[in-house]
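Per-chain numbering from 1; labels A, B, C and D assigned in written order.
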Amino acid sequence: MRALFLNCTLKRSPEVSHTHALIETSQALFKKEGIDSTVIRIADHHIPCGMQPRINDSDEWPPIFEQVMNSDILIIGTPIWLGEKSSVASLVIERLYASSGEKNPDGQYIYYNKVGGVLATGNEDGGKEACRSLIYALQHIGFTIPPQADAYWVGEAGPGPSYIEEGTKNTFTQRNTQFMTYNLIHFARMLNKQRIPAIGNVTLGKF
Amino acid sequence: MRALFLNCTLKRSPEVSHTHALIETSQALFKKEGIDSTVIRIADHHIPCGMQPRINDSDEWPPIFEQVMNSDILIIGTPIWLGEKSSVASLVIERLYASSGEKNPDGQYIYYNKVGGVLATGNEDGGKEACRSLIYALQHIGFTIPPQADAYWVGEAGPGPSYIEEGTKNTFTQRNTQFMTYNLIHFARMLNKQRIPAIGNVTLGKF
Amino acid sequence: MRALFLNCTLKRSPEVSHTHALIETSQALFKKEGIDSTVIRIADHHIPCGMQPRINDSDEWPPIFEQVMNSDILIIGTPIWLGEKSSVASLVIERLYASSGEKNPDGQYIYYNKVGGVLATGNEDGGKEACRSLIYALQHIGFTIPPQADAYWVGEAGPGPSYIEEGTKNTFTQRNTQFMTYNLIHFARMLNKQRIPAIGNVTLGKF
Amino acid sequence: MRALFLNCTLKRSPEVSHTHALIETSQALFKKEGIDSTVIRIADHHIPCGMQPRINDSDEWPPIFEQVMNSDILIIGTPIWLGEKSSVASLVIERLYASSGEKNPDGQYIYYNKVGGVLATGNEDGGKEACRSLIYALQHIGFTIPPQADAYWVGEAGPGPSYIEEGTKNTFTQRNTQFMTYNLIHFARMLNKQRIPAIGNVTLGKF
């Protein structure tokens, strides 16, 4: 079983990403449960916008998409700007969406039998809105969303410390990250044992 | 297995609810699969706002909440006004949220092992936003969200016919309602056979 | 010149409303500038849902709507629940929307030449989302939105103190409330001196 | 007086942009009123993500930002994907936001005395959500939002024709585009005659 994190920070490596710090909390739990996980920082790659699977010769999305397809669990990590997910997270959703019409051998859309979750960090306000947008998009294109599959950290209203500066110790955020991670694992295991029946959810003829 | 629809139309019976017409499409599929379903029109009941399980002597929420607890599947149906879910749908989410801190015997939150979906109708625009808000809220308080658990009908931008006037025949809406209904059934059956393990998602001590 | 606050807390008087505490900060500035302001707590009134100007005999919305029409400035105050505005705020928007097709003598929609702002409080996260929804709705039905016409207080992620418990002293919230209040005043004065020309914004024939 | 449109389509020139078709409706009205307008298609430029005014040597944002600063009216045009504004529109908001802490000689934030509006097109659903996000962001960073400053076209739920294919003839969309354009003009003229007083909206010391 494999988990993939797409970190949608606006910062390129080696700049410090607060979202990455929250991702590490989740990664430690995957490791404890014997599940391999990988983090891709999208801003380190050349990902053009557009609605084709491959936009041009320098497009680095196709190998990332392949990793999505090879994973059982996908977690989008996003910073919060002006109370919303980042433009990089929007871009990732668009690129995932562009392939969402493809089918698996059973005739279901290709993200069926994968589970999705969201992590968000910001120095203030917007955690639920960032997660709301991403959770909705993931389920809309075929991911399963376990209970409480979102976790975030934000500080008090106004300028202030970011997640790492605050010490990454907020117990609510820690707890929700744990709940998210374990529920992703539980559902990925369930769907590994029993795929979603291809009944009533298969596109035919006129649709 | 039981399914419950909460119709959050602003119209009281016997006024015609377009959202109800979409609910009936889903109900027919539940019936075909041998699953009992019930529709409650919230506007026919006295449901005060507030964050207690029971607000006052005339509060009619407690028996509705009991029906939620007795159901395996919950579908919120909402009309769309100014591009968003109705105030009645907001009220239902608040009342569900007010009890979301309660636990089951395993120590998980009480909506665990239930699955949730959303139906929305409007004469134009706002289907995804209404569903986004409700899908997020349901998963955030413990419901499982199967793939493609939202369906809606909206017409072209501007004033125009509502769902029934349009003939309830949009194939995209019909298809998505079918996908939603079957995926809710598949996951409710899965969770009936195997509950979500109470590992990593149980609130202890300091949380 | 008159300002009206609609407090959309879920709490009935005399329960303490944190949103009211933030409203008082704005009221003090209106007073300092010689502008009368009034606060109506919507939850103290019987306001049924629906899309008619008057729903039934016990509907207490019509006199509130009259106060809206007699004001130059409208501020919606809302608490935050599950990261969104309250159901009471949704209800207020629906009731305002229901009359938004009416025209003034110049043929413009009736909320033209009024200015709008939003205040929100929650113990954590959701300030921008609550304001986003309300700011959008107000401008969509004809209110003018001055720069920085929203202000909110939220605490760090997770359970924690509410606005009054925190001491109502956050300088960012205080500043934004001041900016909102003064910009509402500046634009109300501008529009009192010069109404919006009835050119290009008047509904004719086919529309 | 000058108006600037930032077209946030995902398509590079010379691909046909449906959003551009809606922009042209607004441009024709500006022209009729003797106001110069320019359209920049963001996807034709290299605009990296990040929170600095200039990200790297090949960053093409600075001259676009200069055009924003030289305009009285800014209109963001966006396509709709999965019911939301495009990633390019998110990117534009982030880049605008990154400079929003700068001040004018009066001590107000630099976007004060500019007016903002939004146009959106999609083949189905999401017009209000795309506009909601952008209208909110613009006012939050200092733009004035006139009444009814958003307009969109979307078709019926499901796959279907886009704006140009549909004939760009929807009267509701045409009307709202006209209202938006004229109200932007009215407020830009008002603010050209009388700037927003620098009273109560100027950042001092501790803020």
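General observations
Note that in this section contacts are C-beta pairs under 8 Å (C-beta built on N, C-alpha and C of every residue); 3 or more make two chains touch, one makes a residue touch a chain.
It should be emphasised that the depicted structure is a prediction, and the values quoted were computed from it without experimental measurement.
Using the contact threshold fixed earlier, the set of chains in contact with both chain A and chain C is B, D.
Shared contact partners of chain C and chain D, listed by label, are A, B. Of all chains, the one whose mean C-alpha position sits at the greatest distance from that of chain B is D.
Rounded to whole angstrom units, the spacing between the C-alpha centres of chain B and chain C is 29.
Look at where the CA atoms of chain B average out and do the same for chain D: the two points lie 36 Å apart. Averaging Cα coordinates per chain places chain A and chain B 24 Å apart. Under the contact definition stated at the top, the residues of chain D that touch 2 or more other chains are 82, 84, 128, 132-133, 140-141, 171-172. Interface residues of chain D facing chain B in the complex, by the touch rule stated above, are 82-84, 124-129, 132, 152-159, 170-173.
Interface residues of chain B facing chain A in the complex, by the touch rule stated above, are 29, 109, 111-112, 128, 131-133, 135-136, 139-150, 171-172, 175, 178-179, 181-183, 185-187, 190, 194, 196-197, 199-201, 203, 206-207. Within the complex, the chain B residues that touch chain C are 10-11, 43, 49-51, 81-82, 84-88, 90-91, 93-94, 97, 133, 137, 140-141.
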